[in-house]
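Lettered A, B and C in written order, each chain numbered from 1.
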Amino acid sequence: MSELSYIKRPNRGLKIYAAAFLTVLYVPILFIPLFSFNDSLYVKFPLSGFTFQWYIELWERSAVWDSLGNSMRVGVAVSIISTILGTLAARAITRSRLPGQNAIVAFVMLPLVIPGIIFGVSLLILLSRLGVSLSLYTVTLGHLVVCLPFAVATLLPRFEGFDKSMEEASADLGENGWFTFWRVTFPLVLPGVIASLLLTFTISFDEFIMAFFLTGTDATLPMFIWTQLRFPQNFPSVLALASIILLVSFLLVFVALWVGRLGLIEPEESQS
Amino acid sequence: MADVQMSSAPSARSQRPSGLRSMLYKSETARGYLLLSPALLVMVVGMLIPFTILIAMSFWTRDGFDFDTTMSMANYQTAMDVPIYNAFLARSFWISGITTVATVLLCYPMAYYVAFHVHRNKMLWIILMTLPFWTSYLLRVFSWKVILGYEGVINSGLLGLGLIDAPLEFLLYSQTAVIITLAHAWAAFAILPMYVSLEKIDRSLLEAAADLGDGPARRFFRITLPLSIPGVISATFLIFIPTTGDYITPALVGGPNSPMIGNLIQLQFGAVNNWPMGAALSVILTLWIAAVGLVFLFVTRKSQESVV
Amino acid sequence: MDVVDNLNAVRNGELSRRAFTRSLLAAGVGLMTAPLLPRRAMASNPDEATIFTWGGYDIADFYPSYIEKNGVPPNFSIFGGTEEALTKMRGGFVVDAAHPCNAGLKRWKQSGLFQPIDTSRLSNWGDVMPELVNMAENVDDQGTWMAPFDWGGTSITYRTDLFELEGEESWDMLWDQRYGGRLGSLGSGGDAWWCGAIKAGVPFKDIATDDAFERISAVMREQRPLIRLYSDDTTTLEQALASGEMVAAMTWNSSAVALQYDEVPVKFAKPKEGQLTWVCGIMLHKDAPNVDKAYEMIDAMLSPAAGQFMIGEYGYGHSNARAFDEFDDETLVGLGLSKNPADILGAGHFMIPQDQNWESRMNETFEMIKAGF
């Protein structure tokens, strides 16, 4: 492992770049908690005073919490389902020689091209013709369509071109397909799976055009925020919520790290 | 994207003619489709049917609140003749093209850094780069307004330093603002696929190259870059395609000079209330993106071949 | 299919213990995540009325008597703008009642998605201001289509510290060359085009003529290079006014109230040409699944209690004349309202709802102008 070190030698320039990159990535985000404590309805400088008011208000607004819960449910369901479907699809595409393969890949990628509003409207027309009433399930379906291309696009490069002989060796040893997949293939593609889970969750958690057309009376969070823009009174408590989301997700990540689970799901460590 | 990946996928092994193989071949195809079927089912319900409706609708015409369902090319004719549509289309490709190039270029070193120079807690880094996107997009837009605004952070800073005399007005409500906001919003979508494909690169190849006396730059251009091209292509498509059809960002930070084709499509489905026209514009957009995508694939494949 | 594989493996005694544990684990994860699927999908009670409205109206305070009677508020489905709402309903989304505004009234009627309201079933109807009920297009031989709920003015909110007024307040303020690039406008033709008509001096009854289109287009074209932002939502405009990004913008009266509350030095202009008056209200869906409850809901919304909340908290006018009784003159004037709301209504211009063809043409023209064509 140590012979590799000259390739992995720390690169100061790159390190500085990474730090700068993260800073730019985070600066706009950090304004959100800043303004969530600001004693003003409006996001503007100068700051006018410190207040907990918006957090107290947020506590009382059950609609915000409901919409957060809805978004979490949809996001988790969408990310898991689309990653599973994406994994199966990516495996099928890279492993089997399927007639019409290129067409299939292009077809799976098609939703990327179509603006969300069109999907939303046409899915809505379809669902209402079928007599399906709108609920979080229909939002999940809509998000699934949008997220699947992202899952496939993230997983395909990972599946494609890893050493097939390992799978075959496992098969030659008489292991069944499931076992081979779980013990051999899955660990190899795990980084792709995690990337796909993260991406699809993020997309679903932030999507509101399709959500608007496909939801009944349960608003998702981004859609809820979008509909609040008519009344600025409601805006600061949304900032407070976003700050809490940020804080909680950071805490989760660090706790997970601390517990050491993240170390376990890093095949690279053990491999290299 | 499909072509590049396909070209490398079918390995020599599966093509080897042998009695046993050819028997397995059939079942392998069947199995492949079986694995694909859940994804295809979702796509057919959620994609094919709506898209068919869309195409059919694009040949209709509006009649008050109803549709005249006789087939006609009228919408496509209008889209060709009225300059606004072409101008908006061109602007969409311009804005989204710059965004894509900028995002991919800026994110590649980051993905590279995490793939090659982060040794502990890689996942932490990946998650760190995704976390900002768990706050709502609309809220991030408001943050950007605070930064880019007339009396925003950048302008106040520059004024304070005495670098400018008057606030820079082009920062917000301009195409610049759209590009900055989009690039920021899509950063994670560029990093993740590129990271995944960089991470996969066999380190022994780099080692071998180093043993053969290749310097870092040569190693990068001969091995790392070509092998990470699938990830770069994925990232390019994942950003380019959706940003071309975006309409929220131009509406929120673009001001009057940056509406894109997506805004027009949305209007046709909303206030203008001409759904068939909106459908036709979507079909045109899809075709254009497909055309641009194919050209892009062709060029990258050519250049890839010339490198390897 | 992995499950099937597994079952076969178990049957054939092939599955290793370890693989089996892993499968169990996977099944456990599956079971854990299943409840994460929309479990509350039916939390909205199917027996209660559902209203399709802006976020912000989805709070109990607007439905006091409904809650008294049924114990729970109605179900809310929310939208960010009336156009997207109509699109969704045309796509097949069914609710009991929706909340459009008068500019869209004719088109909403023509969409064939609504039924007239039987006003005799509303106990508060007698107190609803007749000026609002009798606005153009609302009452015809089939009955009353929209129960007016909230109303207010569209005019110019300007920063008193940044905008130097020349002479009287007027719509010319939004065409003031001195502040080019620092002016804002509502983005929807439903507001902006009508204000353009006032500026161009086109009487609203003539707004559908070709001549009107030309004259309004001309003033909108003239204004376009001066505008920093056409916005579809009030929060964005208010933010821009608060931060000094803009010095004057076309807004609804509530914006000025909210900004003043936040101590931003602004004033809601009373242009000499008159302001634009908007009215929003409730329409009943033709296939409303819970019609009886929907009437209870509308009645609750028209009650003075709901009105007081609306005036006090949101700064909009309410359709029930008695709702104004609780407030003193000073407060009302501060809100841009009046003890005698008819005064305000009389001084303003009421939009005359137009049909779909006009609306399409207007929006197309306006969009072209906004885009610089």
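Rule of thumb we're sticking to: a residue touches a chain if its C-beta (ideal position, glycine included) is under 8 Å from a C-beta of that chain, and two chains touch if they have at least 3 such contacts.
What you are looking at is a predicted structure, and each value in this text was computed from that prediction instead of being measured.
Chain contacts in this assembly form a complete graph, since each chain touches every other chain.
When C-beta pairs in contact are tallied for every pair of chains, the largest tally goes to A-B.
Centroid to centroid, with C-alpha atoms defining each point, subunit A and subunit C lie 32 Å apart.
Averaged C-alpha coordinates give centres for subunit A and subunit B that are 16 Å from one another. Counting partners per residue, subunit A has 43-45, 121, 125, 226, 229 as the residues that reach two or more other chains. Multi-chain contact residues, meaning those touching two or more other chains, occur in subunit C at positions 84, 87, 236, 239, 243.
The set of subunit B residues that touch two or more partner chains comprises 34-35, 142, 145-146, 151-152, 269.
Of all residues in subunit C, only 1, 81, 83-84, 87, 90, 107, 110-112, 181-182, 187-190, 224, 227-230, 232, 236, 239-240, 243-245, 355-357, 359-360, 363-364, 367-368, 370-373 touch subunit B in the complex they form.
Per the touch definition, subunit B reaches subunit C in the complex via residues 34-35, 62, 64-65, 83-84, 87-88, 142, 145-146, 149-152, 169, 172-173, 251-252, 255-257, 259, 264, 267, 269-274.
If you check the complex, the residues on subunit C that touch subunit A are 2, 5-6, 9, 14-16, 19, 22-23, 33, 36-44, 50, 54-56, 58-59, 75-80, 84, 87-88, 91-94, 233-236, 238-239, 242-243, 254-255, 258, 261-262, 264, 313-314. For subunit A in complex with subunit C, the residues that touch the partner chain are 40-45, 63, 66, 69-70, 72-74, 76-77, 80, 121, 124-125, 127-129, 134-137, 139-140, 176-179, 181-183, 212-213, 215-219, 223-224, 226-235.
Contact residues on subunit A toward subunit B in their complex (touch as defined above): 3-4, 6-8, 10-11, 14-15, 17-18, 21-22, 24-29, 31-32, 35, 43-45, 84-86, 88-89, 91-99, 101-102, 104-115, 117-119, 121-123, 125-126, 141-142, 144-145, 148-150, 152-154, 156-158, 160-162, 164, 191-192, 194-195, 198-199, 202, 205-206, 209, 221-222, 225-226, 229, 238-239, 242, 245-246, 249-250, 253, 257, 262-263, 265-266, 268-269, 272.
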